[in-house]
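The following pair of complexes shares a single chain, chain A, combined with chain B in the former and chain C in the latter.
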Partner chain A sequence: MSTAIVVQVALGGLLMGLVYALVAAGLSLIFGLMDVVNFAHGELLMLAMYATFVIHENSGLDPLLQLPLVAALLFGIGVAIYRGLIARALGVRFNTGMVQIFVTFGLSIFLVGAAQLAFGADFRSISNGLLANRTVAMGAIVLPLSQVAAGLVCLIAFAALALISRTEFGRALEATREDRDAVALIGIDRDRVFSIGWGIGAATVGIAGVMLASFYYISPTVGGNFALIAYVTVALGGFGSLLGALVAGILVGLVEAMTALFIDPSLKQIGIFAIYVLVLMIRPRGLFGRL
Partner chain B sequence: MTVRPNAITMRRRRELIGGAVLLVLLALLPLPIANAYLRGLIVLTLLYAGLSQGWNILGGYCGQISLGHALYFGIGAYASAILFTRYGIPPPLGMFASAALGALAALLVGWPCFRLSGHYYAIATLVMGMMVLLLAQNWGFVNAAMGITIPFRKQSWVDLEFRIAVLPFHYLMLAYAAIAWAIAWVVEGSRWGFSWRAVKDDVAAAESLAVRVFPSKMAAAAISGAITAVGGALYAQYVGFIDPDSGLGLSLSVLIALPAVVGGVGTLWGPIVGAAVLIPVQQLSVAWLGGSGNGVDLMFYGALIMALALARPQGLVSLFGARSRAGGEVADRA
Partner chain C sequence: MVDIGRRSLLGGATAGVAAGTLAARARAAAAPDIVIGAVYPLTGNAAPIGHDAQIALALEADIINGHYDVPMLLGQGGGLPALGGAKIKLVFADSQNSPQIARTEAERLITEEHVVAIIGSYTSATAVTISQICNRYEIPYISAENSAPSLSQQGLSWFFRPSPTDFDFSKSMFDFFAAIGKKTGRPVRSVAIIHENSVFGTGSAEIQAALAKKAGIKVLADISYQASTPSLAVEAERLKAANADVVMPSSYTSDAILLVRAMHDAGYAPKAILAQDAGFIDPAFFKAVGPLGEGVMSRSSFAIDAVEARPAIPKVNAMFQARDAGKNLNDLTAREVTALQVLADAINRAGTTRNTALQAALRATNIPGNQTIMPWVGIKFDATGQNTEGNPVIQQYQNGVWHTIFPFDVATAPAVWKVGT
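Then we have the complex of A and B:
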């Protein structure tokens, strides 16, 4: 096996890892903010991919140009989910933790069914975007342009998330995370912070979804696999840690690619799971997690 | 809790009588029913009542919400099916191997995962379940993604094979659900039961009262895993087939947990009430709404889970208010 192949596969894994990292960042943000695990996270990704597909089919607008549109759409969906379901789930007097888990599980099943009703179970793909079928070549190493672009956009989105955390709202977010009851005393509307947090978390997945849609297949159940990877990534990096999500996402992408190359493509996730179990044993709070 | 000891004894005696009456009624239930589909529906409901009772011991009483119980179900199903089809060991014996392996697997999963709390634990169990699913899909010994078919040879109680006749399976599953219920009844009143509820309510407080947290979680996991694995073995005999998706999938893990969640977590009657409501509704919605694979059944099922979880977070058993108050321990938090 030549070095060029190994480097090429590693770079591909790195780029995919950036997408995983962004999906995980949305999950981690919501969890860190209000101790809620969104088990419908993968379905938000699926919705973003279908939205990209439908807009592209109907208007011809290139996926790349749809970024702000789909991100805004997902922001709205995130806020709606918080207002319609999560706020209620947080308000129940019994079994709050359990209700939250099963409400988001119910939502995920509902959304898969809705996608199946609207689009059928067939696999879709966008084959004629601006980025499609082009490659970036560096000597012997050739990478698809769509994946390179996806990695770059996800990195930019990470930078944007880091910037948001420095704004006034970012500080309100941090304060609400520290003590959700005390913030009311200093004039922070907790409910508003939570719903915007959900909006940002969903918009983040939306961006990942748009970029994925230009090179990955689209189906009602496509989210499940990405959600699973996102849970592992978040647990690896540490719940609530943005940097942790980035580092763990890249690590997961690399391990997946290397497992596929050196062991067996059908076992590529075993490498990820093995790392997860290892971290679980040695450092249960994850690489950058706070206890 | 200011309930006098004899009030608890009285309540437990009433529960036992209630259980016996229910057992008799359920034994008579299929006799006037001629419709095979309806009988099959009841068989599945009884199976899930038992499975969810097993989940409830770890997830309900002990408060460790597992999203990976399909792992124990699958191990139980595969163990009994492989012992039967390859080594000729009849399922009634194979089930003991299933129970032992299910308990062992639960201990192996619990060992690293019980150091995690809340959502961290739930996600760890989910990942463990998916890991075993992936391994089973690629492991030649268990026929990988092809699964294992249990060929029908002859009608026999030794082999637990019955063609067409659903009635024997009705009594098998009823016995299973009844034994799971009886185990829950016994442990609920045992020292373990009190330890589990203490661990669930407040780990730090439990530790300060000399409750050995980790061993009690492991005990709950072992009992829970064993009950779930036996359910898996029965399912494999009933359907005559087991493959990774039907025996180890995430949706199965959720379906095992849901009856207890819907009926009332950490309650004796919750899994039975939950299964009686949820399983028929879920099966019928697949049959009526989802025939063409259009997804409406999934939408209905998902909406039902959301609605029940939000509307009755303490479970359907709370509708029988008087009984719950007599219990004096229903207002528990996750």
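Then we have the complex of A and C:
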């Protein structure tokens, strides 16, 4: 096995890992904020991919240029989900944990069904975007332009999330995370913080969806492929930790690629879960978790 | 509620005069529908295939029940003649492409919908559970397009498969390699096998590896991957490193899309791709990969261009197009049409829906190929329920259309053969 292949596969794993990280970031944010695991997270990704597809089909607007549009749309969807479902679920007086799980789980089933109803079960894809089917070659290393761009956009999104956490809203977010009952005493509108948190979480996965749509297929169940990895990534990085999601995402991408290269492609998920179990045994709160 | 009450009342009345002529006359006036179950993935990752299957089966039921006068067996319409013009009624169940769900759904069709037989099921993994449950309840399972050879080696006496298996298919691939090598002087010296790791892919790859060895062709890579994986980039790298004459994938649609794109992204253009059907013949695949799909070869058991020898094809295809957004019949949908035709023919010859009579009639099946839309010699089952007269073809996607390229005597276009160039 030549070094070129190893470098190539490692770079590919890194780029995919950045996408995993961004998908996980939104999940981690919401969980860290209010202890709610969003089981419909993969479906938000799917919605973003279909939104990109539909806009591209109807207006010809390139996926890359749709980033702000779809991010804003997903922000709205995130806020709507919080206001319409999660806020109500949080208000339940008994069996709160179960209710929260079932409400997002039910939402995920609903969204998959709705997508199949609206778009059919066929696999869709955007094959004529600016980035589609182009590669960048550096000697023996060939990388798809669409994935390089996706990796860069993911890094920028992480930088933006880091900036947000330094703003006044970011501090309110942090405070609400620390003690959601106490913040009301110092004049923070908890409901508003929560709904914006959901908005940002959904917008983050929306950005990942736009970038994925330019090189991945789109189908009602596409979210499932990424959701499982996102849950592992969040748990690996530590619940609620932005840096954790980034590091864990990259780690998962690399481990997946290396397992496929050196052991067996059909065992690549085992590589991911082996790392996960290892971290759980040695450091149960995750790499950067504070819980 | 009112409806149920009335029905049970009627049932009671009928039972009361069961021996009388009244009931017999009522039966003759309108023969009861023959209920046939169909288990397909209607949601989930393989839903597009299930959707097409639903349309194909409903189309064949319409041909049998209605009056379309299609030049093939039971194509004259008007229901099943030996059962007083009884109509075929289909009941669909959703397997979600999960063997467990397929099993419970098949059981529900048998015990609650009282189907006389089940047709299914696209993926071989779901066919394993469905065929076993059918065997337990002793009703026939007609395997329309499951291709894993192991299915007919389970020792099930209620399993019938008109379609060739991956053994026949793979054999024809290697026959093709030998023939095209001789014809062009540029033989296949090496292959790279890549397959999903369920019953279908694993079985297919095993046979291909064995046949390659027998033909003296080197297997430079034999890659197994998990279906519906988020990325096939590493797998593509491995194929690129192997750089075999022919890449031989056994993949479902989503993975087929990823694989072809990943090979392109890795800067790898294989000289030839010869696919084990499945995802590589899904119209959604070609839509997704665009020009990258040009030149892909696949085994097939259906040849849409064999219109001279199979006069029913144009009419059946036109009817299918009208119902499925202009899509042509393909290797899967054509075999689904044929599976229902074979079953209906057996029910008609049995003259009853009693399971043992139906089983005997299926075993005595003898349909000449020109009475179907398939390019096969005919349909005759051996002791394992496998059709012995189904012969596959090799096709190539040229300028957006499938052309039969092998066997040469039925070919409608010469193969675009880049191996050795």
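Rule of thumb we're sticking to: the second predicted complex is superposed on the first by the 291 of 291 C-alpha atoms of A that agree within 3 Å, B and C clash if a C-alpha of one lies under 4 Å from a C-alpha of the other, contacts with A are read in each partner's own complex, and residues count from 1 in each chain.
Rule of thumb we're sticking to: a contact is a pair of C-beta atoms (placed from the backbone, for glycine too) under 8 Å apart; a residue touches a chain by one contact, two chains touch by 3 or more.
Bear in mind that the values here come from a model prediction, so they are computed numbers and not experimental data.
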Touched partner set for A:121, first chain B, second chain C, both or neither: both
Touched partner set for A:85, first chain B, second chain C, both or neither: first
Which superposed partner A:130 touches (first chain B, second chain C, both, neither): neither
First (chain B), second (chain C), both or neither touched by A:152: neither
Which superposed partner A:220 touches (first chain B, second chain C, both, neither): both
Which of chain B and chain C A:257 touches, first, second, both or neither: second
Chain B versus chain C as contact partner of A:138, first or second or both or neither: neither
First, second, both or neither for A:229, with chain B first and chain C second: second
Contacts of A:12 with chain B and chain C, given as first, second, both or neither: second
Interface residues of chain A shared between complexes with chain B and chain C: 112-113, 116, 121, 220, 224, 264, 266, 269
Chain A to chain B touching residues, read off their complex: 31, 35, 37, 85, 88-89, 92-99, 101-103, 105-117, 121, 220, 224, 228, 231-232, 234-235, 239, 264, 266-267, 269-270, 273, 276-277, 280-281, 284
Sites on chain B touched by chain A in the complex: 65, 67, 112-113, 115-116, 118-120, 122-124, 126-127, 130-131, 134-135, 137-138, 250, 254, 257-258, 261, 265, 293-306, 309-310, 313-314, 331-334
Footprint of chain C on chain A - complex, ascending: 1-2, 5, 8-9, 12-13, 16, 112-113, 116, 120-125, 127-128, 133, 135, 137, 142-144, 147, 215-217, 219-221, 224-226, 229, 256-257, 260-261, 264-266, 268-269
Interfacial residue positions of chain C with respect to chain A in the complex: 42-45, 47-48, 50-51, 197, 223-226, 228-231, 233-235, 237-238, 241, 253-254, 257-258, 261, 264-267, 282, 284-285, 287-290, 292
